[in-house]
Each structure stands twice: as C-alpha cells, then as structure tokens.
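Note that subunit A is present in both complexes that follow, paired respectively with subunit B and with subunit C.
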Partner chain A sequence: MYAYDEIDRTLVNERVSEFRDQVKRRLSGELTEDEFKILRLQNGVYLQLHAYMFRVAIPYGTLASNQLRALAHVARKYDRGYGHFTTRQNIQFNWIKLAELPDALADLAEVGIHAMQTSGNNMRNVTSDQWAGVAPGEIEDPRIWSELIRQHTTLHPEFSFLPRKFKIAITASDHDRAAIKIHDIGLRLIKNEKGETGFEVLVGGGLGRTPFIGKTIKHFVHGRDILSYIEAILRVYNQYGRRDNIYKARIKILVHELGIEKFSREVEDEWQYIRNSSLQIDDEVIEDIRSRFAYPAYEKLPHMPDELRQAAADPDFEAWRKNSVAPHKVQGYSIVTISLKPIGAPPGDATAEQMDALADLADRYSFGEIRVGHEQNLALPHVAKRDLPALWKALDKLGLATPNVNLITDIIACPGLDYCSLANARSIPIAQELTRRFANHELANLIGRLHINISGCINACGHHHVGHIGILGVEKNGEEVYQITIGGRADEGAALGNLIGPGVKFDEVADVIEDVVEAYLALRERPEELFIDTVKRLGVEPFKERVYATR
Partner chain B sequence: MPLVNGGKIADDSFVKLAVDTPLPESGDILVPAERFVGEADALLKRAGKIGVIWPNNRDIAELVPYLGRITVVALVFPTFRDGRAYSQARLLRERYNYRGELRATGQILRDQFVFMLRAGFDSFEVKKQADAEAFMQTAKRYSVFYQPTGDGRITALHRRMQLRHSEGVGT
Partner chain C sequence: MTSPLEQKKIKIAGPSVVTANRTWDGIVVYRTAAKSWSPDLSEAAIVRNSDEAKALLAESVADDVGAIGPYIAPVQIGADGKIEPGNLREQIRRTGLTIGQPAQA
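Moving on to the complex of A and B:
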C-alpha cells in the first residue's frame, strides 16, 4: 500500500488545522450555516436527519491494518461503535458531533487518512479495482495512477468549486470491478503497440435523475499526458457546465447537450495548450510513487496445500471457499472477499470490534492489508491458501463469513430514509427483508450471480439503475412506492435496467422480487445462464407477464 | 468591503462605474465588461487608470487585445460556490500573460484565499473585515501544493524529485 511521506502528511495536517478553524468560526457564529455548508461539504460532513454524517476517504480502496484500527477508534470514540462502507470506497459515520470533528480528523491524520473532498462539488475520492495489484491478468497496478490523480485532484486551486460533484474511477483489468462506465471520468488502463502505458478515457457516465453510461472520448491517452488531459476536461466543464439547475449540472448533461464529438473537440483544443506543460509526467515521477507502494514478499507456496485438502471435507468451509475466495496472481495465494451483508443486517456496516479484529487478521494473514470494494464488501488481498481454513474459522466467529458474495443477498443499498435527509423511502429495511427471504444458501446458490441494488431516492446512491435488479424508492401521495428495474449492470458491459411494471408498495417489494426470481428460474435455458443473461436474451416482457399476471 | 492588495488591507483608488454612470473627468475607474468593450477607445484615452469588471460567463479571450493597456481585471464570484473565475484567472495569467492587478470580487471569504492566490489573483475585495485582517496568516496556511499553476510555487512532485536527487537515489 501507499505510504505517505512527510509532504503528504504535512498537507493532511494543514487541512485538519484549516477545518478546525472553520468549525471554530461556525460555532462562534462568525460563519453562517449557509457559508459553513460548502466548507463542511468539502471535508465530508453532511447534515443528516438526526446528526452530522462524516464521510472518510479510502482512496482506491486500499487500507493498512493500522488505518482500519483508526477507523474503528473513530467509530468507538466519536460515534456509536460502527461505520458504514459506501459504494465509492468511503466509510461513513452517522452520529458525529460537530465540535468533536476536528479531533476525529486529527486522529485519522496520524495514520494518513483524510476526508478531503468526500462530498461537495469538487473532485471526489479516486476509486479503483479492489483487487488492484493482485488480480490475475491485470495489465499493471492501477493504484499508482490512482494515487497520482488523487494527489493532483486534492485541493485543486481551479476545480474545487465545480458545477457539481466529479468522480473518477480507474481499472486495469478486462473485468471492470470499479464501475468506470458510471463515472464522470472512467479510465481503462491499456498498453499501446509500443508497450507504453496509457488510458482509454470515458466521460459523462453517471446515475442520479438522468442516468448515462460513459462514452469513450479518446481511445488512447499516453500515461505522461493523463493529468493534462483530465485538466482539459475539467476546464471545459468548469466553464461550460450548467450552474442554473442542480439536476443538470453534472458533466454527463454537458456531454449529452453538446454531443460527444463537439465536447471532445473542445477538450482537444484546450488540451493542445496545456499538454506540453509542467503537467507532463515523466517516468521518474511514476517510479517515485510506485516506490512508496509496499508489495508483500510472497513465499513460494504450493497450489494445493494439505490444509486446504483436509478442510475440503467440511461442507460449510467449502461453501464459503467456493463463494468468497478468488484466484490470486501469485501461486499459493488467494484473494478473500469478506461479506458485510449478513442475513438481516444493514448492508455495508461493520462494528468497531469487527474492524479491529479484521485488522488483526490482516496482520496475521494478509500482510497487513485490507481492501474496500464498491459492492460494500471488504477483502483481504494476499491470503496464503494454507491459511484459508484458519481464517475462515476466525471470520465465522466475527460474523464475517456469510458465503453470499455476488449472490442475491449481497445487496447494495444506500442509507435511505433511516438516515438520509434526501431520501424519500427506506432502503435498509427492504434489503434486510430480502436477505431473510433468500437466507437459504442452497437457494441463493441455485439462483447464482444476481446483484440487487436499492436506492431510497432518485439520487441513486444505491446505483439501482445498474443493478441486475434495481429497486428505487420514491414518494407518491405521502406513501413509499418502489419502482423495479431489471437488466442493469455496472461492469464492462454496463447497461441501465428497464422498468418491469408499475411501482409497488413497501410491503410488496420482497414478494415481487421473489416473483421475478421465480420467473427467472423458470425462464433460464440452463442452470449456468445467469439472471442478467436471461434478461438480455428475453427482454423484460416475459418477466413482466409472470410477475404482474396475478397483481 | 475591505480591499486586500499586496498582502495587506489597502485603500482602493478605483471607483466602480455602472453601465450608465456618467464618466468622471479623472480618477481611476472600474468599468463593466459590456461598457468597456463598447467604449474602449474613448475610455483608454482618458486620464486615470482603468480596469474592467469581467463576468464569469463571458469568454476571457475577448479581453486579450486590451490587456497591455488596463491596470486591473476584476473577476467575479457571484456566489462562493461558483468557481468559473478560477479558470478565467489562470487563463489570464498563464495563457495570456497578463501581469496587471487581478482582483477577486463578490463573495470572498478567507477560505478561498489560497486557491485564489494559486490561480493568480493578487487583490481581493473581502466580504468580512475579520477575514481581510486574517489574510497573511491564512495565505500561509498551506506549505504543500500538489498542482503546478502559474504562481511558481513548487509542487509536491517536484520537491520529491529534488529530494531524490539530493539523496542520490539510484546512484
């Protein structure tokens, strides 16, 4: 993982002291709430239904064990003993007191964690593949570039007051785990014919009220030019993005209104002015960043150790291994996903005790490293296969061995009306009920890969548009009503789901989802045909007929 | 509204004219963009310094032919959250080499000073007296900068390279 040097540490400390001054001025009345709002948002502080919510960045989803312990400490000391991992590699604390925030930030700064730009109309936390650096077949570690961009976008003097928020994601694998096509800028790391690193650049993806899949603006931007190219996109957006209507202010609307050809010409013109400037990155700079990423000293281990062979006799272990353990680029090692979706609990939550215990397990079994994915699960990226049975036992004791990764109960959900002042409907209780309905592991396994995404309002924080099944809560005549879509996906084949019929009431949602799943089981050609592929083959109609026939 | 210029609170010699205010015989004036462009020749001939107030939704390139002859460009932040003038400022300084006074006007709090200095502003019409008084202290709040801009401050990447070379890394 990336180790902060004195320069990075100084900046984070300077930011903490600036924020301390801002909080002090707010508490003394020197700043109005309206003035303070923008300042606090630039540091991840929202005013929610019950209290301030505090969002902390986990850049590109990489955490060291001491950092996870610091998050546990914040949960325990300043909050109610838990945190909530989000869909953009952040963690949120829901019950923070304003007067204590500067101290919480200072505690986090000690381990190189910050909350800069985790909200507000600026460049948000740069996200990447949670398997970066360990996934087999990856072109190169995208976190080097993520860190370069993280630095460049931090406290940017020109782009800290954009028309709207701006999100960048990077992937370096064929299978896109970073959902780059639903980001303002998506970067796909590729090599040119000379073997040089560069990026396919996508722009204008995003969900919310008007969802769009990102479009390719340039097929190859050389690595040395990536900062100037991003800067050119931002400069065009900063000047021409709409500021008259918050719902039309994202870059996706500008790209849509101008058309991708005209937009890309504007960017190209701007880029010609700045590409040969001090924004150009030479190899030495990249090497310097790379040198501060620690890579484990892997041992030479057998592909199939005895420990694993013996544990295979235990069906519970096998169920977990088959579900949650993925191949690693180094023989003898695995990537272990840790489900934060236990049956009946809010998706993405972890207690301070779980975080501390996981930090210990990471030290023992994963070279002190933990990853956070956009699916609101965690991962241990470097587990020796011989350690899998022991790790499983330890995780099981912590309630962290639910074998439901990528299954129907691995639900992505926003906090919804239980916490959020923007929400129109509850999300978490819907997720909890669904996990109970599909609690039977055999059934969930029989259904196979199926992503359900739930948002409690049109802002789409639960990414419902790109769920295989998407559930959107809205308010209609004072009642919560849920619209259900099918066929969305967030990966390299990103697509928006289609409505299957009229909205349904809170109490009916789980029944309807059961009917959708039943329809799928009846309609699929063979057990290997995933839900998403059946929808692709048949379209929405046959599902609609079956689900709504009796309603 | 106090003016901060050259790092401290200063008197403002400029009078702001509206579109239809009669032109004073002498003295320094700040003129709205549309009036400036319409009457540029007459305005530039008169005695006294001249500056222009340029709105944040008008192409700053239009101002380029006049840059050598004006003393102040005042850019506008109609609200704290509207950041268009940061881009205009950088273009003026870095692309069009404007060296005169670059003034930030509108909703200016101390929390923007560092961003504005980095974008090339050197004078500020500050909303609150306390913020104006805190200028020097606030301007020094940061010592680390990740992005290169025209202000010449050394970036973090650059400093690291200097450190590497002075430590003889790779030798």
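Moving on to the complex of A and C:
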C-alpha cells in the first residue's frame, strides 16, 4: 500500500472544503448549473437518468481494507447499499444526493480517497495492472510510476482544461492486463540494454465513436525523462487538439490526422525544450515513492502446502482455483481474483455488506490489500496458498466465489440505459441473460477463455470494440438494436473486432451469441484453440453464416 | 431513445412534457402547470405543439435552482387520461431500473 504524506492529506481535505462551499452556493442559487457543472465534473459528479452519479478514484487499482470499508460506508449511508466498479479502476455510486456529497467526500477523505479528476477534460485516474507488484516476471512495480504521474498531473493547471479527457495506463508485464493500447497514452515498463528502467510509449489509443489501437511513439524513454515526455505529448495535444468538435477532440484523432511520424516530430521538438528541466526525475524521488509502498512481510512457505493438496479433492474448489487463482512472485503465495460476475447479476456491482466482508478477508488473508481490475473484478494480491481453501469457503458464503474468471460469463458491461443518460440501449439485462444461458460451468469451461464486452452506446464504456465478442446497443426507430462484433482483444495483441452483420433485437441477442459460440465449438481445430484464435484463423464469415443463415 | 442531450431542435410529434432532475437530490421531476416541479408524471403540464413546448421549456430552464437539465420528452395519454412515458428511456426514468438492485438481490 502507498502511504500518503501530509501534502496529499491537506490537498484532499482542502478539496472537500472547496467543494462543500461550491455545493452550498449551487443550492442557494448563487451558482447556476452552467457555472457549477464543470466544478462538479472535476469532482466526479455526473447527472444520470435517475440521480447524480458519483465516481471515486482508486488510483492504479490499489485499495487498503479501511478504504474498502469507507466505500461500503458511503454505499450504505449515502447511496442504496451498493457500488459499481468500472473499467478504469473507479467505483461509481448511482443514487447520491448533491446536498450530501460533501459529507460523503469528507468521509472518504479520512482514508485518503477522493474523486478528483474522475470526470472532466483533464487527466483521469492513472490505471495499472491489478497484479502490479506481485506478478511473476514483472519488470518492476508499475504503481511507483503511476503514483509519480498521479502526483504530477493532479490539479496541474496546464492539464486541467484539455481539449478532452485524457487517460494513461501502465503495465510492467509481458501480458497486458491494463489495456494500455486503448489509452490516450499507454506505457509499458521495460529495461534497456544497460538494464536501466524506461518505457515504451504508445499514444492515440482509444475506443468510443472512432476507435484506434495506440501506436508506439517512442521505443524507449528513460524513467527519469518520463514526466517531461508525457508533458511534451500533452503540450502538443493542448496546442493542436480540436476544441471545436467534441467527437474529434481526443488525442487519437489528432494522432490519426497528423500521422504518427509528424505527431512524433512535434512531440520531439517540444521535448527538447523541457527535457532537461525540473521535470527530470531524480532517483531519490523514485526511491521516496518506492519507500512509501509498504510491501508485505511474506513468510517462507512451501509451494504446495497440505491444505491445498487436501482441498484439491473437492471438484468445486478445484473449479474455482483453476480460474481464480494465479501464480505469485513469492513462493507459497497466490493472487486471487474475485469475480464480481455472479450468474444473473449486474457485472461489477458489489454490496456494502460484500465490501465490508471482503475488507475483513483482505485483513485476514491478504495483508489488508485489495485490487481492482479493469475487467470489473477485484483481487486479493497476497494470499498464502495454505489459506486458499478457507478463503474460498468464505467467499462462497458471500456469493463471491463464482468460478468464471476469464470465462464467457465474466462479462464487462457498462451501466447502459438502466442508469446512463448517454445510453441508447440497455447493457446489464443482456449481460444477465447471457450469464444465465452459459451458467453451466462445464459448458463455460469447455468454451474456455472468451471475453464478452457490452456497451449501451457508441461511447464504448463497456469496451465492446475489444471484446472477443463485442455487443453494442444502439437505437433504431425507437427500438434497442445490438450490433455484434468478434475478434477484438484488449491485451498486448490488442485489436478491434469486426462486425458480423446487421444488428439484432434485444430478445435475440442471447440466441445470436449462442450461435456464435456453437459455431466456434464446431470450428475450432482442437479444444485448446481459444475463440479469439479461431476467429483470427477463419475470419468473420463462418460465424456470420451461422448466425444469419436462419435469420 | 436518442439521448435528449443530442436534441438540437424543438420538434414534437405528439403530447409531451418537460422533465429534469431535481437539483438537491437529482430525482426525476416533471414541470407542472403551476410552474413548479413534481416527481409525479400525472401532475406534468402537457404541451402539444412546438410553441407550447418552447414556452414550457424556457420557463423550466429559468428555474435553475429547482431542477437541472430540463428537456422535452414524449408521453402517451390513454383513453382514461392517464399519462405514460413515450419511450423506453423515459419509462426507465419513471419506473426505475429494469433489473433488480444488488442490495435487493
């Protein structure tokens, strides 16, 4: 866990006081909605269909147990008893009252949580690998660099009024769990031939109305230069990014229109002015941040404890272990992913009771630490293998042991038309129906790794473009219609999915997905060939044929 | 179900109301003939042409402290005079989620 210093605490508390005053002036009529809107957005407050929505940042997806309890408290006291974990390591509360928001923020500030820059045209929450610091083979903990960027960009005046929102993600592993290629800036931690830490920098990725996979703008930027290089990118974006058309305002459009070579030259020119400035990072700064991350005092434990050997006889435990438990960099420990995708439930939601109970489990089994992943699941990053059976039983009692991580029912979905003022169609009921169709664990296991992503509008908060199967809800003649894509992926091999044909109605979506899956099972060369690989090998046509032959 | 945020012109094809969200708590409200806001759709002022709609919207926008984001939404009026939302979006705003809430599950 990262320990905030006095400066951080003061900043967060002052922000709460400032927002309390702004809310007071808004409710008295001293501020109009036009004047207030930008202020509330900068504090993560949206207006949705039924109420205000409050988005809280979970920087680089790391939470302490007391912070998770504070989120549970907010859900219980100020909302309707639950929260929704998003695809960018935030949590959203859907029923918050404006008049009570300052109190909710004050309660969160007590544990170092805030909502700054979770909305608005500024630098959003810096996200990272939810397995950061514990993944085997990782270059180094990417959260150290995430924290450096978080500190530099929080309330940075030059980045507070960008042409549009700006998102950065960082990974330090070969397998990209942070989806860096669909971010405005994606950073991949690497070492150069001298063994020095630096970054491959990607730029111009993003989804929404005009999706692009990020392009490498520089193959190696030394760690000490990363702030100045990011700042150079942002300066070029700030200067040339379009403010006249919201649909063309993201950096991906600028990179596309200028071309990566020209964009890169502009950045290089700007960088030369600021590279050797105070933005150059001393090793001591990095070491200071590193020292503020408290790493657990791991015990020396056996690779295969007796408890795990005995539990392996239980097929239910084994089904969960196989999909939820991943190797840890320290022998005798595991990373446990907690599925927030129970069959028939809204993806990514957790009740206050579940959050409180998970905080207790984190204290007991994971050194008080919880992680949030962009797939809308949680993780306990430091679980001793001997504790896995006991943890599984405890999670099962909470309804949090669904053994479907990375399987077809581990669906990413945006809130859709049930909550969102921008949505054209519902997402959650589609996800719920799909989880029921594929609830049989043996079937889901037979299908293997398959990611379904659902968005209720073209803004793509459900990342439909990069789902192995993507579902996009649109509106046509007053009806909800869903376009299906296949072949997308969000990892190191990121790709955009391809449309399989005309949109289908709400009631037909689950049938169509069943057809796609049946086609895959018939077409795959061997059981180990994943859906995404079959699509890559054969293209869209055989799937299209199967779906539309009888429709 | 085109988002009202994308509405460019005021053009109504049938009976409509002005709806918004109450400022202090965000709940869905409707503009009434008594120039106030009500969470009850049955109390909404009905407009039937563009001029009436423009006037009701202008009055609603002016009440910035009472409610935010006012826009014109279609309704259907039954034979018994009952007012119902005119599309799925407005139906969801009026009656709530089409799914259960996790805390109730």
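FYI, the second predicted complex is superposed on the first by the 551 of 551 C-alpha atoms of A that agree within 3 Å, B and C clash if a C-alpha of one lies under 4 Å from a C-alpha of the other, contacts with A are read in each partner's own complex, and residues count from 1 in each chain.
Keep in mind that, in the parts below, a contact is a pair of C-beta atoms (placed from the backbone, for glycine too) under 8 Å apart; a residue touches a chain by one contact, two chains touch by 3 or more.
A quick note: this is a predicted structure, and the numbers were derived from the prediction, not measured.
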Which of subunit B and subunit C A:I96 touches, first, second, both or neither: second
First, second, both or neither for A:A350, with subunit B first and subunit C second: second
Partner chain in contact with A:G29 - subunit B first, subunit C second, else both or neither: second
First, second, both or neither for A:L279, with subunit B first and subunit C second: first
Which of subunit B and subunit C A:L49 touches, first, second, both or neither: second
Complex contacts: residues of subunit B adjacent to subunit A: 80-84, 86-88, 90, 95, 109, 111, 114-116, 118-119, 128, 130, 141-149, 155-157, 159-161, 164
Subunit C - residues contacting subunit A, complex: 1-3, 5, 21, 23-28, 64-65, 68-69, 87-89, 92-93, 96-99, 101-103, 105
Residues on subunit A engaged by subunit B in the complex (per definition of touch): 5, 7-8, 10-11, 14, 17-18, 22, 30-31, 35, 38-39, 121, 151-152, 154-162, 235, 238-239, 243, 273, 277-279, 284-285, 288
Sites on subunit A touched by subunit C in the complex: 26-29, 32-33, 47-52, 80-82, 96-99, 345-346, 349-352, 417-419, 421-426, 428-429, 432, 457, 475, 478, 480
